[in-house]
Amino acid sequence: MAAGRVDLRVDLAGLSLANPVLAASGTFGYGTEYADLVEVSKLGGIVTKGITLAPREGNPPPRICETPAGMLNAIGLQNPGVDAFVRDKMPALRELGVPVIVNIAGETVADYVALAAQLSECDGIAALELNLSCPNVKQGGMHFGIDCELTQTVVAAVREVTELLLITKLSPNVTDIAEIGQAAGDGGSDILSLINTLLGMTIDIQQRRPVLANVTGGLSGPAIQPVALRMVWELAQAVDLPIIGMGGITSAVDALQFIMAGATAIAVGTANFVAPGVTGCIIKDIETFCEEQGIARIADLVGAAHAEV
Amino acid sequence: MYARTTRLTHREQVGPDCHLLEFDCPEIAGSARPGQFVHVRLTGGFDPLLRRPFSVMNINPAQGSFQVLVRTVGRGTMLLAQSEPGSEFHIIGPLGNGFALPGPPGEVVLVAGGVGVAPLIFLAAALHQPDNYRYVRALFGAAIGGDLCSWLELSLVCDEFTAVTEDGSAGEQGMVTDFLPAQLDRGAGCVYACGPTAMLAEVAEQCRRGSVPCFVSLEQWMGCGVGVCLGCVIPTRAAGAEHYQRVCKDGPIFDAAVIDWEAMRRGCGPG
Amino acid sequence: MAAGRVDLRVDLAGLSLANPVLAASGTFGYGTEYADLVEVSKLGGIVTKGITLAPREGNPPPRICETPAGMLNAIGLQNPGVDAFVRDKMPALRELGVPVIVNIAGETVADYVALAAQLSECDGIAALELNLSCPNVKQGGMHFGIDCELTQTVVAAVREVTELLLITKLSPNVTDIAEIGQAAGDGGSDILSLINTLLGMTIDIQQRRPVLANVTGGLSGPAIQPVALRMVWELAQAVDLPIIGMGGITSAVDALQFIMAGATAIAVGTANFVAPGVTGCIIKDIETFCEEQGIARIADLVGAAHAEV
Amino acid sequence: MYARTTRLTHREQVGPDCHLLEFDCPEIAGSARPGQFVHVRLTGGFDPLLRRPFSVMNINPAQGSFQVLVRTVGRGTMLLAQSEPGSEFHIIGPLGNGFALPGPPGEVVLVAGGVGVAPLIFLAAALHQPDNYRYVRALFGAAIGGDLCSWLELSLVCDEFTAVTEDGSAGEQGMVTDFLPAQLDRGAGCVYACGPTAMLAEVAEQCRRGSVPCFVSLEQWMGCGVGVCLGCVIPTRAAGAEHYQRVCKDGPIFDAAVIDWEAMRRGCGPG
């Protein structure tokens, strides 16, 4: 097959992406910070840092620490609030030339509804990602994301007030990811994304206290890849909605595993910190893989590994 | 900001646990300003996963190279210390705000603790350029004489230089901050400091009392190094959403007057 | 403090260990396999590979694969069955001179009861560890370990038939570890151990199928350390029972983190494969740490990190 | 079984992606038997985490050293291939059962594919010792001539030696198994084989049809290497609890007649 002949486009419930590779929420800022190092316009899309109604200062430091092949973070949803986001960040985001997915978080159903209503009035947003899974603040939505009923309730309430595509971002800190995903679908979510971070912690044995001021944090990076992949696999067996898979992706090999497990698109988080150009490499290497294997459309590989089992 | 695969061209042990490393990178060498840092990936693998930040100690734009001074404290710095010249490292830089130049008028006092000397060497060199010229007096402290790494480099770009060691094995005996009051008494337009948090807090306090502007270079664990992850914040006194500021982007150089030193002392980051 | 003056003994609900370092189930065989490389008699104790009533062949290969800072296994409880265990393995285990904890797994409550009853008749067993958390076989108990009621039921049933100390081994694949631990306590468990492996998987992108024949496997090793530590921390806040902490421990720094998080003893699993002598190093390094910090008894450090929060 | 920190004393590239490595370890050099392997830790860190198994290719008890032949296929083998002599590696060995010696009476046929040649070189050398002497005929196959690493070493310890390459760039053209029927027709007391699974399956099948005893060296991903984790099993035809056998402890050498080749071909491991 001739180079460049692979069709990398994927369709997420009507949202067409030029390729399946997104930048994950909280790891790519508001789209402009990496402009010096990354050809942002080549990405499948970007997901912005979680936005809340009011501005938030976030958690006290230390907020991050490194773990074997991973990192813990307890940022605590530091963000300028939705007004400042729309005013200061959206103009540049609209100029990026790629689909912009806005990640939102709240403490109550009303928060999510108000955010969704306000953002529905804003031009240039391809989809909303409901963060029901931030483990680092009481207001981060994880109490929703670990409960089926609450998940369905909040998704349904947001569904009422917006025509925007709805992505529900699921927490891995649950016994049964499939039932939560189903609940989100029942609430009217168009797309599911997973995983957010795994709850973890580290202790400073000299000080005899947790390293993070917030005590616990969210584990991300290569360490969690096998857990994330398993959850995408389980969810793909249980729901018909398109899935955005993430968690520890650092290469096209990882990305293709998620696609074969059933993800229509994938998102890259922590790996951006390690190698800012990694998203571009992943796109290129996915294309090369498809060429070598004679695959005309990446979409044909979605869920391919289920066929064999 | 550049992201480049660079070559380690020179490695020299300059203290019991300290190495001077020189990298080839014309872009960084041509654009780095004093107080800025580079973010270094230490392996092609995941151990360690995250990059490590190091202050630029000096640049040689003509040769296209820059140097950093690295103290071995853990796995990442050990990998650097053991790397043979010729090894390649992926480096992002220059990063951070750097020192505001020229500083306020008057003589400049530098206070360096340990490897904190690195950005101050670069600063002192800049302050001895004709355009930015300032009379520079430097205090450089360490636990023992052997830890006064690169003291010669510092002394060469200062007008006055005082070494201080806790055990008195080189220079004056005591803490570096014991010798700051005399410096402030002589009058100082501005103080620049880099070193352990406890030292910086004391320097900041003395400058506050003496009403001398003071700028410090701070450290925090970093995720991205470029301002997106919001992982590297330190507590400042400014109100509202600016309460936490990012070391990588808003710093690493901060006006000591805005830092919440009380919170810093309680321990909110690396040392 | 003079060397050797640190009291490393810990007490697990009456079971006294010479030091807090155990070898984890499934990673140290039946105590004799590592005899050439490890001074087994110096350990705090050993936990044997999971035993079932009938012999089991285990899962088809491939059974393991490596992941970033971790490994997946789907052994599937291959074991000779309890009769052969008592006949062939216990004699050598009794000679080791360290407390022997026997790990048991079953498909039904009756299986666990029968195993416990039979092993209660056997000399030389310090405690039974109820594996309610093997993710790799339907018969591995994980359906018990992810449900409070079932956990309490099986523990209570076993409690009826044995005087042996009972350890319940918890699964990390749950939303709320504390409630499962409490249920085990309510059922009569004397001690809790955690974590077993996190469910994960890897896909071979060339073959487009899961690498493990069992599809999913259990993730262990350094990668999971932060998650395991957080679970021990949460459990220690919720229950009064002594805890055996494990998951990714490779050094005294890791071990001390678990102890400070609230574990009275710790177990080393995957690290034995990487460095067979690691348990001995951990014991020595814990002792050195205590000497340097002026800690007379390791037991004084149990839960120490909670005080500061 | 020993666990030792050993020194890499010699490294030599012997093929496009193949290196011969020599380690100092008197205990392993003094006790390893043909067909046994060593389990090598590749870093002090976690990337990769698990050890990697390599067959012993030969021993030099007098010098206290042994050699392995390593094909670069991933991160672990790349780290080995890039290691400078003088580097230290923690190695456990010798491990596994090794070939039963002396084999059944009669001439011996060896079938090697790629780096599978390593244990057969050791075996052939042993079969040329006075005590175990056998007439040895070797077939050695690879994709291209350059992949016939260490063919000289093999040919020196065999009585007859046939090289086979898929592209005909060295020796005969074809698959190594194309040349086995002729060998079996000439009569063979025993066949020993090591190489890719597909090759071994074909060798096993020909030997079964010809009623010639056949022993193969198998591979599987390993956790512990010493028999405790039960991770490295392969499917055998024996009934009951012995259905799965451990490559590290019950193998890596197996009587081809007990292997479930049907299951092996479906792909249940590395090769």
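Per-chain residue numbering starts at 1, and chain names A, B, C and D are given in the order in which the chains are listed.
Assume contacts are C-beta pairs under 8 Å (C-beta built on N, C-alpha and C of every residue); 3 or more make two chains touch, one makes a residue touch a chain.
Bear in mind that the values here come from a model prediction, so they are computed numbers and not experimental data.
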Per Cα centroids, the chain farthest from chain D: B
CA centroid of chain A to CA centroid of chain C, Å: 34
Centre distance in Å when chain A and chain D are each reduced to the mean of their C-alpha atoms: 46
Approximate Å spacing (C-alpha centroids) for the pair chain C, chain D: 36
Multi-chain contact residues (two or more partners), chain A: 68-70, 207, 221-222
Residue list for chain B, restricted to those that touch at least two other chains: 46-47
Category of the chain touch graph - line, ring, star, complete, other: complete
Residues of chain B touching chain A in the complex: 1-3, 41, 46-51, 90, 92, 220-235, 240-241, 243-244, 263, 267-269
Footprint of chain B on chain A - complex, ascending: 26-29, 33-34, 36-37, 49, 55-58, 60-66, 68-71, 73, 75, 78, 80-81, 207, 213, 221-222, 250, 270, 272-277
Residue numbers on chain D that touch chain A, as the complex places them: 46-47
Chain D contact footprint on chain A (complex, rising order): 68-69
Chain C residues within the chain A interface of the complex: 67-70, 72, 146, 173-175, 198-203, 205, 207-210, 215-217, 219, 221-227, 229-230, 233, 248, 253, 256-257, 260-261, 289, 301, 304-305, 307-309
